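The following block contains the structure, expressed as C-alpha cells.
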Amino acid sequence: MSSHTNDTTNDVSSRALSNLDLETPAKPYLDSNELIINMGPQHPATHGVLRVILKLDGEKVLGTECVIGYLHRGVEKIAENRTYAMFNPYIDRMDYVAAVSNGLGYCEAVEKLLNVEAPRRAKYIRVILTELNRIASHQLWLGTHALDIGAMTPLFYTFRDREEILKIFEKYCGARLTTHAFRIGGCQYETYAGFEKEVKHFLTYVAPKIDEYEALLTTNRIWLERTKNVGMISAADAIALGVTGPVLRASGVQWDLRKAQPYAAYSEFDFEIPTGENGDTYDRYLVRMAEMRQSLRIIEQAVNRIPEGPIMAKVPKVIKPPVGEIYHSIEAPKGELGYFIVSDGSTQPYRVRVRPPSFVNLQALDRMVRGLLVADVIAVIGTIDIVLGEVDR
Amino acid sequence: MAEDVKTPAPAPPPEGEKPTAEKTAAAAPAAPVKPAAAAKPEGPVPVPWSSPLVEKYRSQYGSGLDAQTYLGQNYFSVDRSLIPDILRLLRDDEQFDYCVDITAVHYPKREKQFDVIWILYSFSRNERVRVKTQIADGASIPSSVLIWPTANWLEREVYDMFGITFDGHPDLKRILLPDGWKGHPLRKDYGILQQDQEWVQINLGIESGQ
Amino acid sequence: MPSFIMSYLGSTVTPGEAGNQFWALMYVLIIFAGVSVAVMAMNWLERKALAHFQIRLGPMRVGPHGLLQPIADAIKLMLKEDIIPANADQFVFWVAPLIGLLAAFTVYTVIPFGPSQAVSDMNIGILFMLGVSSLGVLGIVVAGWASNSHYPLIGALRSGAQMVSYEVAMGLAVVSAILMTSLKTGTGTLSMIGIVQSQQQQSVWFIFKFFPLGFIAFGIFAIAMIAETNRAPFDMAEAESELTAGYHTEYSGLRWSLFMLAEYATMIAVSSIAVTLWLGGWMRPFPNLLHAPMWDFIFSLFPGLTFLCLATIAFIGTARMPAHSFFRIQRIGLAVFAALLGFLALLLLVIAVAGRSADASLAARFNEGIGYVYWFVLKVAVFMYLFIWYRATWPRYRFDQLMRIGWKVMLPISLGVLVVTAIVGVLVS
Amino acid sequence: MAPVATPWFFYVLAGLAVASGVAVITRRNAVHSALALIVTLLSVAGLYLMLYAPFVFAVQLFVYAGGIMLLFLFVIMLVNIERSSKERRFNRMWPAGLVAACALMALFISAFVKGRTLFPDRMILLPESSNTQQIAGLLYGEPGRIGQYTFAFEIASLLLLVAILGAVIMTKKKI
C-alpha cells in the first residue's frame, strides 16, 4: 500500500507486532506490500475496547496480535483489599452479560473454602437463574454476532427476548445486569411470589422465539457462506490453547463442567451436551443455539422440582475461611470460569485469581483467522464470544 | 529448598502479612481452626495425597516433590529445578492435556517470595491437579509455552502482574498494563491506589488517574 | 403565457428533442427537486420500515411519526463542522463527493417518466445511463484514496472492484433486453423511450418475454444493481462492522450527506433502468387487455385513490394520537399533512374526471402525464422498498464470495441468457 | 434535431481538453494527473457528441472514463506517492519528445492547410438516430452482407481475450 497512507500506523504498531511470526513469501511475487491495520480499540465490531493489529496481504490476514487491557480495573487487586462478602459485587462487573454465572462461581468457591454447602433450595434457585443468564448471554452473543456479519434484525429480536429474562432478574434481586444475586452460603432473597409461574411462562414464550432466530439464520445461504469453514479450530488445537465452552464443544469435544464435575445441583438434571463437528463458526452457532434449548430443559426441570426449605446455609457473619487454597470452576456461558482463592485465615482473601474464559479463548483468535479475510476476523471475534470486561478484568 | 516444601504446610505461609495472619505458623500441619468464627464440623486439613501417580513421581524425584490433598483437591509442591520436566511428564504421560491456568501468589516475607501455580486438567481422567513451586524475587522460571500454547498469555499476565520472568517465552511483555508501566500491581508491596504517575502524566496528559 | 406552456404540453416529444430549452430547464429543475425530495422521503421510509422490521418505532419525535426527521437531519448535516483530515489530499477530498453526486444526477436526463416526460430522449440513452453511472465509482474510489486512511482505502478498493465486476453482468443483462427490442421492428433501439415503446408494441413487459429468459435477465440485473449501489447484502464498501464506514469514514457534515444523496439517487436511477427495461416503464398494467376507455378511466383514478389512501392513513394516525396536550402540535401537524394529502387526492381525482375524454385538452394531457409518472414512480417505489427489505433480512456477503458470485455465477448466466435470447429471437422472427 | 453545437461549445471543450492534458503531464501527484486525464477524456467525449457520434461518446464514457481510468486509479493509488512526487518528472529524452510533438503538430497543420482537397467539403450528416446502426453496419454488416470489418473486429476481441488470460496467468500464483 502507499506508504503515504500507512507510515504513521506502522510506527505505532511495529513494536506490538514483534511476535508475529509471519512467514513472508521468500520472493515476493509482483511487488505486494503488506498492510498493517489497527482494528480497534474504537471499532464497531470488536465488542468493546479490543485492539487487534492485523497484518494483511490485500485482504488476507497474515497474522494478528491482540492488544488488550484497555478495561483493566485490577479486580484481583481489589479482591485482596475487600472482605469475601464485599468482593462479591465486583465479580459481576467482569462478565457483565453473565453476572449471575460469575457470582455462582465465586460463591461456590468461597463456600468450598469454608467447607459449607448451600441448601438444596438455594442450589435450585441458583441453577434457574444461572441458566436464565446463560440464555441471556447467548442471546446477546447471537444478536451482536449476527450484526457483525451484517444481519441487523436478529439483534433486536434477541434483545426483545432477553428483556424478559432481565425482568425476572430485576424482580428477583432488583438489578438487571450486575445482579449480585447470590451470597456466600446460599441466596439472600427468597423467590418472589409468582416466580415459578413467570419462569414457566418465559419457557413457553422463548422456545418459539429461538426457532424464530434459527429461521432467520440457520439455513440462510449468506449466513452459511459467511460462517461455514470460517475460523476452524481442531479439537487438539482447542485443547492445547485451553479453549473452553461452546468453542471447544463445537470442535467435537463433549466436555461441559456441568456434567464433568457437577456443581450446584446440576447432577440432578437431565440434559445433553451439544457438540459440533468441524469447529467452525457455523458449528459454534449451532452449539450455542442448542445450548439455549438445553438450558430451557434444565430450567423446566428445576422449576418443577424446586424443593422447599431454607435458602441460606449457616455461615458466620464475618467470613474467615481457614488457611488454605481452593480452585473452583463452573461452566460459564463462555467457558470454564475458575476462581483460585488463597486464604490466610483473615477476613480478606490473600489472593483471588480469576480464570476468565474470554481471556483464554481470545488467545485462539490468531490461530483461527490466519489465512482468512478481514471480514472473517469480525466473524471470528464475534463467534469466540468475548466480553472485554472479563478479558481485561 | 526441599525442606520448605516437604513440610506439609498449607499453601500460604504469609507470616504476618496481615495482622490476622500472624498466628499462622509456616509449618502448621493442623488446619488453622483458631478463629471461633468458622463453625465447621471439622477443620479441613491438607492430607498427603497417595495415588499411583504420586508414587511413581516420588520414586523418580524423591525429595524434590511433595503431593497433598486439600478439600479434595490435589496438588504437587515441586522444586523449582524440576519444573519443566514434571509439567512435560504430566502432559505427555498422564494426559494432563489442558492447562487451565497459570498464576502466582506473592509472599513478601518469605525468602522465596513467589508461589507459581499451574492448574492442570485431564480430559481423559476428568481430574484436576495443581503444581506449585516457589521462586525468589528476580529469579526466572522456564516457560511452558512449548508444552501448552495457552501458557503464552497466562505467563504474560503473571509477568505483568508479578514481574516473574519466564525463560524461553516467545514474547514476554506486558499484556494488561501498558508497555512502559513501572511496577507489578499484584505484588503485595504495590498499594491499591498506587499508579505509575509518570506514565499517566506523559501518556494521558492528566495529573493523576485517581 | 398559457400558450407558451401549452406549446410544449401539446407536444409528444421530449423537450430535448423538441429543442425547447425553457422546458428542458424546467424539467431539469423539477427532476432535481423531485429526486432530492424522493431521497429525503426514502430516508424517512427506510428508517421507519427498517425500524418496523426490527420491532422498533424508528423516528417518532421530529414531527408526527418522525415525518420531519429528514429535514432535521439535513439541517443538522449542513450545520455540522466540516472536517478535512490534516493528512488528506485537500483538493481531491473536496471534489470526490461532487463527482459521485454529478454522476448520480446526470443520469436523470434520460430517464423517461413518460413518452414525453423526460429531459431528453438520447438515442443511446441506456448506454449513456450505464456510462455515466460508471463514473460514480470514481467519486468513491477517489474519496477513499484522498482520506489517507486505511479503512477508507480498503472500502474504496472493494467498491471499485465490486462495481467494475458487476457492471459486466449488468451490461450483459441489459444487452439481452435490448435484443428483445429488435424483435418486431427488426431494428432495436438503445433509447430509453424506445425500449418502453417497443414493449408497448410487443404488448409484453420484457420480464415476461420468452418467459424464463427475460425473467432471468431481470433477476441478474436486480442483483447486480444492488451490488452496483453498494447496498446490503453487498455493502462491502461501507461494511459498518468491518470498515467502520468504508470510503466515507473520514467525511462529515455536508460532504457526507452528499455521498448519501448520491447513493440514494443512484438507487433510484438504477431502479428506473430496471423498470424501463423490464417492467414496462410508464405503462399501466394490462394496457393491451384492458384497453377500453372505461378501463383507462378506472386506471386514471389510481393516483387520486392512492393519495386518498395515504390521507386516510394519516387521518387515522391523527385520531389515534394520545389525547394529551403534549401531542397537540403533532396532532395538528399530522392533521394538516392529512388534509394536504386529501387535497392532492381530490385534485388528482378531479383531473382524472375532467380529462376523461381522449381529446387534446389541457386536462386530458395532464391526466395522461400524471398516469405515466404515477405508474413509473410506483414501480420504482417497489424497488426502493425491496432495497430496504433486503437490508433488514440478510447478512453481508464476504468480499471474495461477492466476487465469486459476480464472475462465476452471474457472468456465465447472463452470457448464456444473452446467447439463448439471440437464438430464440432469430427463430421467432 | 436542431443543432446545439455552437462554436463556443467546441472552444470550451477543446480548451478544457488541452488544459487538462497539460495538467496530466505537469502534476506531481499521480492521482491528480489521473483526474486531469479523466477531464480530458470527458472533454473529448463531448467533442464526439458534437460530431453527432453519440455511440462513440457513450463508449468513451463507459470504457475509458469509467473502466480504464478506474483501473488506472487502482494502480496509482497503491503507488508510493511521496516517493514518486520527489522524483524528476522528465528524463533526459524530453527534447526529443518536444521535437516529436512539434513535428506532429506541423504535420497536422500542413494537412489541414494543404490537404483541404483531400477531405470532402462537408461531412455527410448522418441522422443522429442512425449513428449506432451505422457503426453496427460497418462492423457486422447489413442484413445479407458480411461487414467490412467483421473479421478484424473479431480478431481484435480475440487478442483482448488472450491479453486477459495472460494477465490472469501472470498475476495468479496458482489457478
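In this document, chain identifiers A, B, C and D correspond to the written order of the chains, with residue numbering beginning at 1 in each.
In this text, a contact is a pair of C-beta atoms (placed from the backbone, for glycine too) under 8 Å apart; a residue touches a chain by one contact, two chains touch by 3 or more.
What you see is a predicted model, and the numbers here were worked out from it, not measured in a lab.
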{"item": "Mutual neighbours - chains that touch subunit A and subunit D alike", "value": "C"}
{"item": "Separation of subunit C from subunit B in steps, with touching chains one step apart", "value": "2"}
{"item": "By mean Cα position, the chain sitting nearest the middle", "value": "A"}
{"item": "Pair sharing more residue contacts (C-beta pairs) when A-B is set against A-C", "value": "A-B"}
{"item": "Inter-centroid spacing, subunit B versus subunit A (mean Cα positions, whole Å)", "value": "25"}
{"item": "Where subunit A and subunit C are represented by their mean Cα positions, the distance between them in whole Å", "value": "45"}
{"item": "Centroid spacing, where centroids are CA-atom means, of subunit C and subunit D in whole angstrom", "value": "31"}
{"item": "Distance from the mean Cα position of subunit D to that of subunit B, given in whole angstrom", "value": "75"}
{"item": "Numbers and ranges of subunit B residues touching at least 2 other chains", "value": "none"}
{"item": "In subunit C, residues with contacts to at least two other chains", "value": "153"}
{"item": "Numbers and ranges of subunit D residues touching at least 2 other chains", "value": "77"}
{"item": "Subunit C-facing residues of subunit A, complex", "value": "1, 4-6, 8-9, 35, 37-38, 43-45, 59, 146-153, 155-157, 160, 216-217, 220, 222-223, 225-226, 373-376, 378"}
{"item": "For the subunit A and subunit B complex, residues of the former touching the latter", "value": "15, 18-19, 21, 68-69, 72, 74, 76-78, 80-81, 112-116, 239-243, 253, 255, 260-261, 314, 316, 318-327, 329, 336, 338, 340, 342-348, 350-351, 353, 355, 359-360, 363, 392-393"}
{"item": "Residues of subunit D that touch subunit C when the two form their complex", "value": "1-2, 4, 29, 31-32, 35, 38, 54-55, 57-59, 61-62, 65-67, 69-71, 73-74, 77, 128-129, 131-133"}
{"item": "Complex contact set, residues of subunit C against subunit D", "value": "17, 19, 89, 91-92, 95, 122-124, 127-128, 130-132, 134-135, 137-138, 141-142, 145-146, 153, 156-157, 160-161, 164, 167, 187, 190"}
{"item": "Subunit C residues touching subunit A - in the complex, by the definition given at the top", "value": "50, 53-56, 87, 148-151, 153-154, 232-233, 235-236, 239-244, 391-401"}
